[in-house]
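Have a look at this one.
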Amino acid sequence: MARAFGIVTSTPRRVNVYGLQDCRPAGAFSFLGRYRVIDFPISNLTNSGIENIQVYLNKFPRSLTDHLGTGRQYNINSKNGRLQLLFCNHNNHNEVYNTDVSDYLDNMDYLNLIDQEYVVIQPCYMIFKQDFADILEEHIQSGADISMLYHKVNNGRDHFLSCRVVTVDKDQKITSLSENRGNRASQSIFMDSYVMKKDLFVDLVRKAREYSSTFSLAQMISKECEEQNLNIRGIQHKGYFAAICDLQSYYDASIELLDMKVARSLFSDDWPIYTRTTDSCPTQVFEGANIYHSLVSDGCEIEGTVANSVIGRGVKIGRDAVVKNSVVLSYSEIGPGVHMEYQIVDKWAKVLKTKELIARPDDPGYVKTADRL
Amino acid sequence: MARAFGIVTSTPRRVNVYGLQDCRPAGAFSFLGRYRVIDFPISNLTNSGIENIQVYLNKFPRSLTDHLGTGRQYNINSKNGRLQLLFCNHNNHNEVYNTDVSDYLDNMDYLNLIDQEYVVIQPCYMIFKQDFADILEEHIQSGADISMLYHKVNNGRDHFLSCRVVTVDKDQKITSLSENRGNRASQSIFMDSYVMKKDLFVDLVRKAREYSSTFSLAQMISKECEEQNLNIRGIQHKGYFAAICDLQSYYDASIELLDMKVARSLFSDDWPIYTRTTDSCPTQVFEGANIYHSLVSDGCEIEGTVANSVIGRGVKIGRDAVVKNSVVLSYSEIGPGVHMEYQIVDKWAKVLKTKELIARPDDPGYVKTADRL
Amino acid sequence: MKHSNMLAMILAGGRGSRLHELTSKVAKPAVSYGGKYRIIDFPLSNCANSGIDVVGVLTQYESVLLNSYVAAGSRWGLDTKDSGVFVLTPREKAESGLDVYRGTADAISQNIDFIDQYNPDYLLVLSGDHIYKMNYAKMLDAHLKAGADATIAVLPVPMKEASRFGIMNTDADGNIVEFEEKPAKPKSNLASMGIYIFSWKNLRKMLVADMKDPNSDHDFGKNIIPTMLGEGKKLIAYKFEGYWKDVGTIDSLWEANMDLLNKQNGLDLDDRSWRIYTEDVSALPAYIGPNADVDRIYITQGCVLEGEVKNSVLFTNTVVAEGASVVDSVLMPGVKVEEGAVVTRALVAGGVKIGKGAVVGSPDSENILLVSKNVKGVE
Amino acid sequence: MKHSNMLAMILAGGRGSRLHELTSKVAKPAVSYGGKYRIIDFPLSNCANSGIDVVGVLTQYESVLLNSYVAAGSRWGLDTKDSGVFVLTPREKAESGLDVYRGTADAISQNIDFIDQYNPDYLLVLSGDHIYKMNYAKMLDAHLKAGADATIAVLPVPMKEASRFGIMNTDADGNIVEFEEKPAKPKSNLASMGIYIFSWKNLRKMLVADMKDPNSDHDFGKNIIPTMLGEGKKLIAYKFEGYWKDVGTIDSLWEANMDLLNKQNGLDLDDRSWRIYTEDVSALPAYIGPNADVDRIYITQGCVLEGEVKNSVLFTNTVVAEGASVVDSVLMPGVKVEEGAVVTRALVAGGVKIGKGAVVGSPDSENILLVSKNVKGVE
């Protein structure tokens, strides 16, 4: 049995992805055609040998319950491991109460049953690759109470604005954890990922609730940083990193991974990203179709032109249609002659009568699930 | 593909099982040691060849999500069939809104995706065996719009008081559907089970909501009975039948199935009741133990006396303890020398210090989950 | 699912020697087809979709890949409590040594003990190497309705080709009156598809007798069916309409793949009510590069296309580099076509690398070229 | 789970002829044990709990039951995307005919192609017929820490019995310096448990060489281990402490079952951190009737006890009728003891019916009576 237990948190309040979030949590967002965002944190855990995992579900639990099932697709041994879905008493009337701490407290019975000595916590809305066996090793070696992952960026002034940032001293000690106020381009973005002992984790959760009914774990740890009671250490993450906090960052992450050089830092043969199969057949590309610089999932029928776009499963693109710089989610249909640029088309939508849909790269358009245009 | 789709409804408001219901819905109640109540309606469906099933979850979805998983234990082919868990936007502030109709409307998108022509609806809190392939055949042959199952009882005056009753004319037509007011001993108890065309079902759901925001499907159909717009037919169920509406009926059903003659009308080789295995080892009965007229699940260690009782998985009963006429749920411990009669002991409870717990058959005692007595 | 009263046995021992090197390491049913499938996915998915719970796969030839492939019954959902896909190879028995399967009927006979475990009313016998979609539950309905002892699926073939097949001659009611193996002068165009439903009790008796007959070839077509006809049993023909292909040669395998490029290809792999299930690989969706030139292709996850690809079927994880050209070809899983290479009218076996600038196949060739070894580049 | 770099192969070909009729229809690893288990549940559960993903089960003798039993890898959770339990029987190969496994090493050699599919760093070789709990991951740690070429699990046995075993003589550091098969004068009491970890690359080479050696018995104990020692490879002994039983005879199988009646039996099947997984049957919990008289018994779901049952182990779905008496006995799955029958010091094989009033076994017998056929009642 691995020494660590995995936790994937529910979508935090600060994540607000227009449209997509109306009917599913961030972890359930379709990504790069065949994945869902939560496939990344869970594959990180199972590839690190962690097969006892709790996933916290808050609003709209159906899509993730369906997608995750019992976790066989992630190689979780159903006997020796366990993917446990935990539901929260969502407070519909005041969002301010819906914190990760409240999720944990709702399920304290199940946290108490954890046998493992350590917990590894990851968010459901961030995309990166990380071997947590290494991180756990480093955490134990360092003697830290808490290890936290961060990623250095140079575009912190206008990106990652709903993330938190850390300051790290020369001994890798975290000296502060605060909101990203966009005051500097160069920032160390906190990846909402922690490693610590389970007992400390439970203590911090209880302490957070005592301090304030609306406190999140990060707020509690921010306070601990200030008070310097604990040895809190930062570990810098390298490689691909994206935080899906709003529609723009969802769009940007999708499009930037069309560059295979970038994609290769996230996808590699020794680090499979597992997902649930839908048993789609392959994709048919018909006479007269053109495709450039795009990812096309299975089950599509393509007769038009696709450029610089991500196409989900079972999408139909009609004759003389042009889909450019767009993200088309599964089972949507783009009718003959339709011209679209910089669009995010949600599942089951049909764009047939509206022949032109053009937005801008810094403000992509959104077509709602199952809408008929 | 079967012609019918299965639905298992969430716990209706009228079901109120003291204690047991504090942390799980009726379908998740442990029953006869190794089952949960929902195993009966789902086994009915899969044994009838119905492998596309929706289970509606309302409050406390965790236990049923865990127990049901993807339905492999019920022999549901994961490719050709599907066990879909649907969640409802439970209204915490006014229970009166939490009807089955509201559950269906919350998930109308998924009801609309059903391919099958017919729906078979069963409640999660009733225990019986029924081949719905036969019922569907009879329904189609009869030309009825709706077929409803009922069970004749002779103790309707003081039992089944939170159930509905039907009146059936000599042509098996249902002429009324109303509350059981306990005014007669001989009653035809409505089993909350229907067969009808999917389209009619969806129409009735919509019609119910239009009529009143708090209307249930049964209330709508009761109204249809009065108005005689539809051909509504009753089908009498024979064999074992129990409705778990309160703590007394839960206790009675458990104890009456200790009679193997009664049990054989519910359990038979050609109608397996499927459930999730917990990989318990067998049960050890030690020197000096006595067991009479009892069902004992796997994983127990028994040193005392057990009589006329149902013992769940992994229960420990100490030396010189006496457990009589009781239902002990999984992983509980009855300490040495404890004497109990007419008790329902919920999971993980430990009765060690309280040496005597005696109640009456018509008012059994209840020991709370994980309590220490 | 309630215990299905029909158990399926798939004969997957096919050596498929006309497929040359494609079957030197795998049995024919394990050969790749249609971008992401293997041939045996078709009978197995048909079984799953027909509500059959238990499937035995009979194999003896180089079965490691086939074995580990079909043993993962979850691919077809056949891994629930009372369902499963079981690989059955010849076994050493207490009373006898280790024997190969001597014929199609012998393969079933040697596994009577397996079948008895499930005690089915009906036995469905299938071949593991045909591409088609078929609802065996409907075939069983026909079997039951006719009160038949055996039902044989038949395919109408062009009369002039009928002499290449096992032909069923039927009366007006569809009863089989005669079976002729490759008749010189066929009386009917109904070819046996090698798909049989038998009432198990009766077949079991016949198999036990057949095992003892030293003159028998232990074959359904040559022995069991003629014996049943001789005994006056009721055998009926069940006519199949739809796409069906026996991919016995390189040309026909290529053709069957190219069929998928037609919008109306008859097989309709996109039919959501009758999916063909297969292994799911962890790979990105198909990537088409900025300078690619694609037209009329069939592609799937893991494909990376940076060159010219036309009128071709590309399987999982194939790579066509910039400046390379693939036309009228089938590239099996993992094929890499390097820069400047040209592949025309070829079927390239799984994992093969076509080196830089190499030229394989020709637009004028009559037959399709099978490329089963790496081709060196021309630097 | 991240691809485990260790693959397990379970040798499950055991004929187990000293178990008489118990193995006339099933291989020894499929024999029932402990109320609800089969012997092979132990190595398979150990693999699952040790984080091993892929297990090959090598079998050739009457394997239908074993085959269909282990093929349902879901029982041990070994049915995820990249895990599985695969039954490997002798196969016909392109270059050779169908051969039985000639020895333990040959069984592995004939499946090199299977192992190569997974390309493991380490190979764990197990026997399918021992009852014990062991963490193979810890054994691998020892193998890695010592930088060994092979690690062999050993069990300390009483010195006077050592001459019945294959004995490993080790130096002070646990390095194996000599292997003696059933030595007349044992120098050590460390008996080989038939559990080996090899570094696969090196073993593969040795197996290929061994296959070509006409004088080899193709056996690990007789050939591979001595050759490795001769070549000066580093072989270490990994000492096992805990409950271990080779249930080779009726008496020892009975005894191993009776061990479970002790509260401190060493095997601790109730250990939640190391569960033994097995088939789940659809049956009610054990039912004890109003007139039953039970004492010191081991029971499981499906048992229906209405008579006297003492000091006995009862398997799934056993029935003891009113007035019957079962003492000091083991009743395997589905055994029915009818009214008035008396069973004493017996091991009753699965499915056997002891008729009304029949008396089998005796309290004074030295050996345990094996009852493998129905016993007629005395009316």
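A, B, C and D are the chain letters, set down in written order, and residue numbers restart from 1 in every chain.
FYI, a residue touches a chain if its C-beta (ideal position, glycine included) is under 8 Å from a C-beta of that chain, and two chains touch if they have at least 3 such contacts.
Only a predicted model underlies this, so the values are computations on that prediction, with no experimental measurement involved.
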item: A-D or B-D, whichever has more C-beta pairs in contact; value: B-D
item: Of all other chains, the one whose Cα centre sits farthest from chain C; value: B
item: Separation of chain A from chain D, taking each centre as the mean of its C-alpha atoms, in whole Å; value: 45
item: Where chain A and chain B are represented by their mean Cα positions, the distance between them in whole Å; value: 38
item: Multi-chain contact sites of chain C, meaning residues that touch two or more partners; value: 74, 79, 81, 275, 277, 280
item: Touching two or more other chains - residues of chain A; value: 72-73, 79, 274, 279
item: Residues of chain B defined as touching chain A within the complex; value: 60-62, 65-66, 69-70, 79, 84-87, 89, 92-93, 107, 109, 279
item: Chain A residues touching chain D - in the complex, by the definition given at the top; value: 1, 46-49, 51, 71-81, 115, 133, 274
item: Of all residues in chain D, those that touch chain B in their complex; value: 34-36, 74, 260-261, 263, 269-270, 275-278, 280, 282, 284-292, 294-301, 304
item: Chain B-touching residues of chain C, taken from the complex the two chains share; value: 1-2, 45, 48-49, 51, 53, 74-83, 273, 275, 277
item: Residues on chain C engaged by chain D in the complex (per definition of touch); value: 24, 60-65, 67-68, 71-74, 79, 81, 84-94, 97-100, 111, 113-114, 117, 280
